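I am attaching a structure below and will ask some questions about it afterwards.
By written order: A, B, C, D, E and F. Residues from 1 in each chain.
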Amino acid sequence: MSEQVKKFLYVNRKAPYGTIYALESLEVVLIGAAFDQDVSLAFIDDGVFQLTKGQDTKEIGVKNFSPTYRALGDYEVTKLYVEKESLIERGLSTDDLQELTYEDEDDDWAEKPSIRIVSRKEMGELMGNQDVVLSF
Amino acid sequence: MSEQVKKFLYVNRKAPYGTIYALESLEVVLIGAAFDQDVSLAFIDDGVFQLTKGQDTKEIGVKNFSPTYRALGDYEVTKLYVEKESLIERGLSTDDLQELTYEDEDDDWAEKPSIRIVSRKEMGELMGNQDVVLSF
Amino acid sequence: MKFGILISEGPYTHQAADSAYHFTKAALKTGHEIDRVFFYHDGVNVGTRLSIPPQDERNLQKDWSALAKKHEIDLVICIAAAQRRGLLDENEAKRQGKDANNIAEGFRISGLGQLIEMGIKSDRLMTFGD
Amino acid sequence: MKFGILISEGPYTHQAADSAYHFTKAALKTGHEIDRVFFYHDGVNVGTRLSIPPQDERNLQKDWSALAKKHEIDLVICIAAAQRRGLLDENEAKRQGKDANNIAEGFRISGLGQLIEMGIKSDRLMTFGD
Amino acid sequence: MASLHTVNKSPFSINSLKSCLEHANDGDTILLIEDGIYGALKGSEISQIVADKIGSLSIIALEPDMKARGIDSSKILTGIITTNYDGFVELAAKHDVCQAWL
Amino acid sequence: MASLHTVNKSPFSINSLKSCLEHANDGDTILLIEDGIYGALKGSEISQIVADKIGSLSIIALEPDMKARGIDSSKILTGIITTNYDGFVELAAKHDVCQAWL
């Protein structure tokens, strides 16, 4: 099924919990990981809120899916591009984000960060260099 | 059922057709008219687009409900407050809006305009002087 | 004090039905009355008994049905909004020639007049939507 | 050229299902192929046969079913999204112990893999949503 | 008369909070719920607009929604207080009317 | 490579058009559909931001959605052209990838 390798970009622009898009985007990413495509995730605008640490949803009765981002490395989803300007506009810094890592099989399974902070200009260029863009 | 007369304000903040809120708001207003309450409609932000003239929905296959606003006078819904600043921000003037009128039974059925252009400050004061506010 | 609750968005997709549920529980706990909850727009979809949320998630339909039963709350689904979106009770299904219905226990279908009446009779009308 | 279509919002509430329909018709008319339409998020609600829109409005479920039949388009509803929202076929209803189903003719329920596959196999993936 | 306004949208994506701030009357209360709680963040590009209104308006954030989103009191503007669902009910009861900015 | 971006939200309510304009690359096309066509209006508070991009980007508005909303060509910015659904399909085919700003 997957002779062809395409560049897939998942663009996340919405905050978690207020709407379901962040969760259902993650569900696509997890299933998509089985297809051996070249996968990247982009977090821009309110999408950067998905990656914040310390989420505790007990009192709103909704499932906390933020730990799932930490599992992405095991699914070989290792390129999470986070836009610097989106963080700054929201008063956030990289310290507010979860630490996400993966083990690089080409580098003796060294643990490496999955989150790559990029500028808005770099994010635009990344978007322009894809075969399939899925927006959430 | 309606011994009590309350001030009802319907606040319309969304554009027509892209989403259903404008249409379903109008459906509430029409049903609500039977209850003999003191009804006002507010059009602010993108809600002002609901009242523009010349809407022609044939090519998108969606029902054009803009003529229904002209029927509101017959339902004794005669106070449609439109915010001046919202028009200006969108490059609109009152010339872009439908002419909506009602016949004033207290004034020998004289035909009078239903649309009242108000400032943002006046709109805020109107909102603060209601018993029930329904938002769409 | 008597509250009326208007829910304007479907379950899971927006948090509105959750927020309304937590508000309603808190109101009842602190000694207030909830007469009626009115479901409009996509809110009508809260009342389908066919939803099957994942086991580790809340079940909003069941939560609302249980709360309504316990506290005798009137759960009213707008008929016009429900027809557009495919939420039917047995009578409506029969009348419209449909071979199935999907309304859940504790919900009933009625007209928009019930929303206006709720606005008139309640001390405060609370809207949860998108 | 081969297009894949992703519909992410429910009918009537958002214009997405309309826009996707007009795009699909235009693509077919101008000589392109539409392999599959994938319904995700509230888009799954396009596939209920229980909706009864007002007589003077379009019927999006019937429009999609007819277009799919005429042009042999695969209309796929995401199973995970559908379960949350109460959209079931006969098998799912049986498996889950539900007493009714509501899927319309021409639609089928399947997994998210069908969306990824559509992305791989189509020349362009078009998203219509909110 | 005083109104309780609820805002449930992120101010970075949607204009609800901005519109609410421009329409609320002195003495009104704005309760930030769901994604609306992001309007309480300090150091953001819209913080100053919110801060300028604190005082003439009472601005309150719903704790359960803050916690869900990983935001504690240290991250929000001085002068914004927090409450829980019981407090939400109390606010609704003590204001004359409630208006939702959807 | 060039992308076709679709924007279906009113720029007065939601930040999709703004974000799209800031991320699109020179030579890309933005197609305004549904409530997105309000982004083509001239004389609005956001017109200048859009006008500044015309040239480096191609900005196109979907006629059926303009007509539905009572907007004719006289009301839109110079340099924005219009198309119908057939044109939408052609645009999608001739760009390398399509990205929806929801």
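Everything that follows uses one rule, which is that contacts are C-beta pairs under 8 Å (C-beta built on N, C-alpha and C of every residue); 3 or more make two chains touch, one makes a residue touch a chain.
Nothing here was measured: the structure is a model prediction, and the numbers come from that model.
S.K.: Among all the other chains, which ones are in touch with both subunit A and subunit F?
M.R.: Under the touch definition, subunit A and subunit F have D, E as mutual neighbours.
S.K.: Applying the touch definition from the top, give me the chains sitting in contact with each of subunit C and subunit E.
M.R.: Touches both subunit C and subunit E: A, B.
S.K.: Which chain has its C-alpha centroid at the greatest distance from the C-alpha centroid of subunit B?
M.R.: Ranked by distance of C-alpha centres from subunit B, the top chain is A.
S.K.: Same or different, please, for the subunit C to subunit D contact, judged on whether over half of the interface numbers appear on both copies.
M.R.: Copies use mostly the same positions to touch.
S.K.: Hey, which pair has more contacts between C-betas, A-E or B-E?
M.R.: Result: the pair with more contacts is A-E.
S.K.: What chain lies farthest away from subunit E once each centre is taken as the mean of the Cα atoms?
M.R.: Between subunit E and every other chain, the largest centroid distance is to D.
S.K.: Roughly how far is subunit C from subunit F, going centre to centre by Cα mean, in whole Å?
M.R.: Computed from C-alpha means, the inter-chain centre distance equals 38 Å.
S.K.: How far is the middle of subunit B from the middle of subunit C, if each middle is the mean of its Cα atoms, in Å?
M.R.: Subunit B and subunit C have C-alpha centres separated by 27 Å.
S.K.: In angstrom, rounded to a whole number, how far apart do the mean CA points of subunit C and subunit D lie?
M.R.: That pair's centroid distance is 26 Å.
S.K.: If I count partner chains per residue in subunit E, which residues reach a count of at least 2?
M.R.: 8, 12-13, 15, 34-35, 64, 84, 97-98, 100, 102, in rising order.
S.K.: List, in ascending order, every residue of subunit A touching at least 2 other chains.
M.R.: Within subunit A, residues 13, 17-20, 45, 60, 62, 132-133, 135 contact more than one other chain.
S.K.: Which residues of subunit C are in contact with two or more other chains?
M.R.: Residue numbers touching two or more other chains: 12-13, 15, 19, 22, 41, 54, 80, 125, 127, 129-130.
S.K.: So, with touch as defined above, which chain pairs make the list?
M.R.: Pairs of chains that touch one another: A-C, A-D, A-E, A-F, B-C, B-D, B-E, B-F, C-D, C-E, D-F, E-F.
S.K.: Which residues of subunit E touch subunit C in the complex?
M.R.: 6, 8, 33-35, 64, 84-86, 88-90, 92-93, 97-98, 100, 102
S.K.: Per the contact definition, I'd like the list of subunit B residues that touch subunit C in the complex.
M.R.: 1-2, 4, 6, 8, 20-21, 24, 27-28, 31-32, 34-35, 37, 132-135
S.K.: Quick one: in the complex, what on subunit F touches subunit A?
M.R.: Listed in rising order, the residues of subunit F that touch subunit A are 1-3, 15-16, 19, 22-25, 28, 96-102.
S.K.: Taking the complex as given, what residues does subunit C use to touch subunit B?
M.R.: Of all residues in subunit C, those touching subunit B are 6, 40-41, 80-81, 111-113, 115-117, 119-120, 125, 127, 129.
S.K.: Of all residues in subunit F, which touch subunit B in the complex?
M.R.: Residues of subunit F touching subunit B: 8-10, 12-13, 34-35, 38, 41-45, 47, 63-65, 67-72, 75, 84.
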